[in-house]
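Next come two complexes built around chain A: one with chain B, the other with chain C.
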Partner chain A sequence: MRDKRMTMFNMLRGAAAIALALGVGAIFIFLSSDEPLTALRYLLIGPIVSFRDSGVSFNAQYLFQIFAGMIPITFTGLAVCVMFSANQFNLAAEGCVLAGGFVGGILGVYLNINSGWHAVVCVLVATVVGGLIMLIPALLKVKLGSSEMVTSLMLNFIILYIAMHYLNFHFADRSKGSTMTYPFKPTAIIPSLVPGNSKMTVGIIVALLATVLIAFFMYRTRWGYSIRMIGINESFSLYSGMKVGSTIVLAQVIGGMLAGMGGSLEVLGRYQTYLWRDLPGYGWVGITIAILAKNNPAFVPLAAFFIAYLNKGCLLMSTYCDVPVEMIDIIQAAIFLFFAAEQFMSGFRQKLVVKTTREDLMKLETQRRLEGGSNNA
Partner chain B sequence: MLSLLQSLFKPDFLFAVLRITAPILFATLAAVVAERAGVVNIGLEGMMMITALFGFLFSYWTQSWVLGVLGAIMVGVLLGLMMGFFALKLKTDIILAGIAINMLGAGGTIFMLNMFTGLRGNTGNLVSPNLLIPTIQIPLINKIPILGEILSGHAVLTYVAFLCVFLVWILIYKTPIGLNIRAVGENPDAASSVGVSVLKIKYIAIGISGGLAGLGGAFMSMYYSQGWNSGMVAGRGFIALAAQAMGRGEPVGAMLSSLLFGLAQALRTKVSGLQGVSSFLVSMIPYAATLLGLVAYSISLKRKARKHVIKVVKN
Partner chain C sequence: MEQNELVVQMKGISKIYPNGVAANRDVNFSVKAGEIHALIGENGAGKSTLMKILFGLERPTGGEIIVNGEPVHFSSPTDAIEKGIGMVHQHFMLVPSLTVAENIVLGMAPRKSGLFIDYKQAVDLTKEYAEQFNLHVEPTARVADIAAGMKQKVEILKALVRGARVLILDEPTAILTTQETVGLFRELKELKAKGFTIIFISHKLNEIKELTDRITIMRGGKTVGVYETDSITEQEISGLMVGRDVILTVEKDQSEPKEVVLQVEDLNFVNEWDKRVLDGVTFSVRSGEIVGIAGVEGNGQRELVDVLFSLKLPEKGSATVGGKSLIGLPQAMIRELGVSYIPEDRMTFGIADIATIEENMISDRFNQKRFNRGPLFKMNELHKETDQLIVDYSVLCKSRSQEVGMLSGGNIQKVVVAREFSSDPILIIADQPTRGIDVGATEMIRKRLVELSRAGAAVLLVSADLNEVMELSDSLIVFYEGKIAGYFDDGQWDDIMMGEYMLGLKRQSDEEIARASYA
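Up next is the complex of A and B:
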């Protein structure tokens, strides 16, 4: 009874937080748009349907695009889940996505492997690079006690400028108007799963596989247990003999590997050349997803779907209406604030707990009375 | 190389260092006040973006830069209190609340600029000189040969920034509120046991922190980059967190480390003018310097801790 009610309450609370966030979004839409209802329609149901004169019809291509949008953010979501589970506020997933995409992209242009292994090698190297980068904040934290938050934030900018330097001075295709590399070799491109231009590539399968692996790792292995334990109580973990230092490093390296892999799958799957000239923002979205999934890897794809859906909705809204695409940031910030709020709706929870306890006591009372009655007889 | 070295000892370079330091100093002081009350204000970056936008908008609407600056401070305080409400009342993790503010700062500002003015990404043609923070010549000092060139002729807020170092020092060490802030930051349970309202003090600290960030934001849009644009703050809020750590949460330490980062940034502008230097690697200087500075600071801290242990053991 109690557990069931609490699960119900948690689900209700999550739904209320999301509804509130969307409500905040709606307020801004009404404030900024001349045709708010059309805009809302695009945001809420636009991502999976197409509007025609004859009415509304389901659009499979749109759904594939949402799945495509899930690829990078599932990876960063998982990365953040693992790192935040160990209580490591490492924010360099952002930089690792860029580094992974850059390394994967460059290998996709210059490596000569004439088979499907080309793409595999690109992605794996990007994965390793992501992991190596995360060693920096992780080791600084463990060896010197520097805040991983600040070092990882600085690292993002450093990675960006190093990648930009090499892109501009070594790998740029000068025949193009804007800065980009030469096109990827066909063998390096991640193949699409469905016909059409949705960019739903094999990457989504890899993302789901990674989810299963990470969920298994976090909940069914010794290392995963240590990571979660350290997140809950670091001193306790230390005194109970866990290798806290190496586990903290491990969590961040895994985070970096996931982000690097996601970046390379995104770059090689979505584009023909490497052309990111700014941090792509997937690392921050990963934090939103980790919050929505409550740091549980198993829920990451669901949360990623939700965010990809909203993203698509905001894109449509800015294309067909007068609402800027940055709406998504406002909604995300609201989700951040309400969904992560422990005390949100705490009054209601309090009432629920009181009610449940009262009911339990009543039941006990009647039971005892019944038993007492039978004894007397 | 020689010409570079020569240019570093010219007054205009040191003038630039002070100008570039000012917004970082505001943000660092904001981080100091929050940190002393035990609050990690990672939302500084977003606060500066948002206050920069509103500072400029207020000054545009009222056609008065003073009201613009005051508006920016007000918005900063409100943002701080909002962050406090979510973190302290609703118990959102303070770091997540800060990141939410940063998201609002990154995308929400572009949205709001569009909503209020219909412009995209920057304030463009709204900018006119009377909306910007004026510079002032300090009498007497501007007559001194080299020193005058360095110290005189800055924007009003540049002087305010350095004045704020003193004010924050007074606030923290010489006022009852400052005493409470320190008590709450060092040991909230002890503070609460002697009747200090921990919550209230934290709200006050984070509100002041927001107000200081507002000054930094106003400086950015109303003087430094002469108008608002979406990539304007460029990690200064994050650098401030590092500067706060290196300054050990002391106002004067904060000023010194801010000056260091200001120097790194000024160096970047000087070096990027040279031939054959990659502008991208030069852009990296402030962030790399921050990272290295933080590492050096951590090493020194570690050494000190070890020495302390040895001393204790010997005794």
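Up next is the complex of A and C:
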């Protein structure tokens, strides 16, 4: 009874947080735009609907673009889910996406494999590199007790500048106007699933497969179980005889692998050359997604779809109206705030708890009265 | 102030915590001006919650509070202090690196030219109050350097300086020596004579008889009665407190101890304050027997258990199970040796509160072959195991997927015990296995302990509940100041005799104590 009510409450709370966040976004749109209603229309329904003189129509290309947008953030969302589940506040998914993209991209340019396996090898190597990078904050945490939050945050910039160095001085195509590598070999490109320029590649299938795999891993295997228990109560896990140190490392390595894979799929699927010269931001979005999904991998695609949808909406809004694209950051920040606020709607929750507890107590009393006399157990 | 005027009235107070625990249920509590009023009850009876509400630390879910005849709503301790209520917490709220005077004026320090703290005036103020209330403290000493008894005086002075007329003392004698306790009682009586009102939280019956005027007894979140201290005996109080005859009898046959399972040899442990908390402890626990460790809390029992389960490293000495050393061994290996452990702090070590009952039940065995097929869990096997344990240990719950933190204390402990008892242990370390839980669960856990020992397990029972150790143990070790003060294996013991050893009045000869080891 109580559990059902609490599930309902949690869903209600999530919906309210999203609604409030959109409300906050709307306030800023009204403050900054001369045509707020048009802007809101583009933001909220623009991503799937086209407005033309002839009327309103469903836009499949837009939907494909949203799916394309889901690819990297599903991976980072999963990565953050796994790491946060172990109570490791690791922020290096960002750097691992970049590293994975860079390594995948370079291999896409220079590796010679004349078949579809080329792309597969690129992605797998990027995955391994992501995992290896995460070993750094993980081992520092387990062996030396340094906060993974600090080391992983700093690590992002180390990765960025190392990649930049090699891009600038070793791999740059000097014939181009801006810094980028030579074009990827056709065999390295991740194929698109649909015609058109939506960039909805095989990557989305891999992302959904990864979701299923990680969901099973977290809830159906001994390693996932250990990760979750350690995340809830490390002392308990230690006393139960779990290998806490190695499990903490494992969670972060898996996170790094997912992020690395996502980065390479994105780079080889969206572009013709490697051209990231700044952190792409998918790692940060991954944190928002993990929070929306409450660290449950099964909900990650849903949350990723929601964020990708909003991204597309904001893009349209900034293209067709006078609202800057940064509006997405305001809305995301607001979602973050309301979701992360432990006390948000706690008054309502408390009322529910009080009600349920009172009912339980009443039931217990009646039960005792019924049993009374004959049975004192 | 008139003698019979009620200074504090709490009417119909209820408190339901966000996790659904009903800590107070329609509690009525009132205190007369100028009395020492005892609030007594077992762990978890709701006395701390009630006092936290009175001091503004918690907000009640329902009910009203009346102080000096006017209804009040405290949203923080500041509000309570303003109305003349002060609280001395069980764990001192002092800044160790500051001096006594600095602690006393903390947050209300006298200023010099508006900016700098006038330290001299703070010292003078401290002296003045210390003099006035006969609470002698050294104003310029650092709090880190003074003894517990002195710290307590500082806490009391802190409340008095802030204008408290009603003092709440939460188990003030728990950390005091006998002499310090005597001193504290004298001071409290003096305060009473000066017209102060004192609420005294404790579960030591003799102290309550000696010190207080009236008693409010709480059980299970409710008030069970208010009595004049003179009109009620200690037996009656304890009966009302626990709602049962204090001694639960458990039927057990004579033990037939076999080989030594746990051998502890010359164990020494020095704590972070350089105090020798374990001092040359040597004893054995044999298969088929329950060895109880009795003693006033803080005499080395906690450290012994911590060393045995590898949480702390001893200074010297050894502890072996079946010949293998436990010292510094990872917990996973200790469990592999067949050691089970019921931790004293079940919420920290015993369970993961927001995980399900199932996830909590399998935490020591999820790696076993029978629960895994390749990389995947055999979910059916896990469900079967959990459901069986829920039935075997009669855990009251809605389903195996209920959050364990939502269960009552007794049922949480049943989950812990079900896990620890069902892994075929050769040694069970049970640290306060029935503390703060209901009678039904207590009885079940005690019965199971006896059954397991008769089936061949070695049991080391550490408990602050003297009746429990006396009732369950086949042989008994008394700890006093980190040493074994006595070893008894004849079953001929009573609480008076135990008390003498526990309080250091008596000590056996070295030869008698050496009998505890069978190696």
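Note that the second predicted complex is superposed on the first by the 352 of 377 C-alpha atoms of A that agree within 3 Å, B and C clash if a C-alpha of one lies under 4 Å from a C-alpha of the other, contacts with A are read in each partner's own complex, and residues count from 1 in each chain.
As a convention for this text, a contact is a pair of C-beta atoms (placed from the backbone, for glycine too) under 8 Å apart; a residue touches a chain by one contact, two chains touch by 3 or more.
Bear in mind that the values here come from a model prediction, so they are computed numbers and not experimental data.
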Which partner, chain B or chain C, touches more chain A residues: B
Partner chain(s) touched by A:F216 [first = chain B, second = chain C, both, neither]: second
Which of chain B and chain C A:M327 touches, first, second, both or neither: first
Partner chain(s) touched by A:L31 [first = chain B, second = chain C, both, neither]: first
Which of chain B and chain C A:N168 touches, first, second, both or neither: first
Partner chain in contact with A:V353 - chain B first, chain C second, else both or neither: second
Chain B versus chain C as contact partner of A:F236, first or second or both or neither: second
Footprint overlap on chain A, where chain B in one structure and chain C in the other make contact: none
Contact footprint of chain A on chain B as seen in their complex: 40, 42, 86, 89-93, 95-97, 99-104, 106-108, 110-111, 114-115, 120, 235, 238-239, 241-242, 245, 278, 280-281, 283-284, 287-288, 290-291, 294-295, 297-299, 301-302
Contacting residues of chain A [partner chain C, same complex]: 1-3, 216, 220-222, 225-226, 228-229, 232-233, 235-243, 346, 349-350, 353-354, 356-358, 360-361, 377
Chain A contact footprint on chain C (complex, rising order): 16-22, 25, 61, 309, 330-332, 334-336, 341, 343, 348-355, 359, 362-364, 366-367, 371-372, 375-377, 379, 398, 402-403, 406, 440
Chain A to chain B touching residues, read off their complex: 28, 31-32, 89, 91, 140, 144-147, 149-151, 153-155, 157-158, 161-162, 164-165, 168-169, 284, 287, 291, 324, 326-330, 332-334, 336-338, 340-344
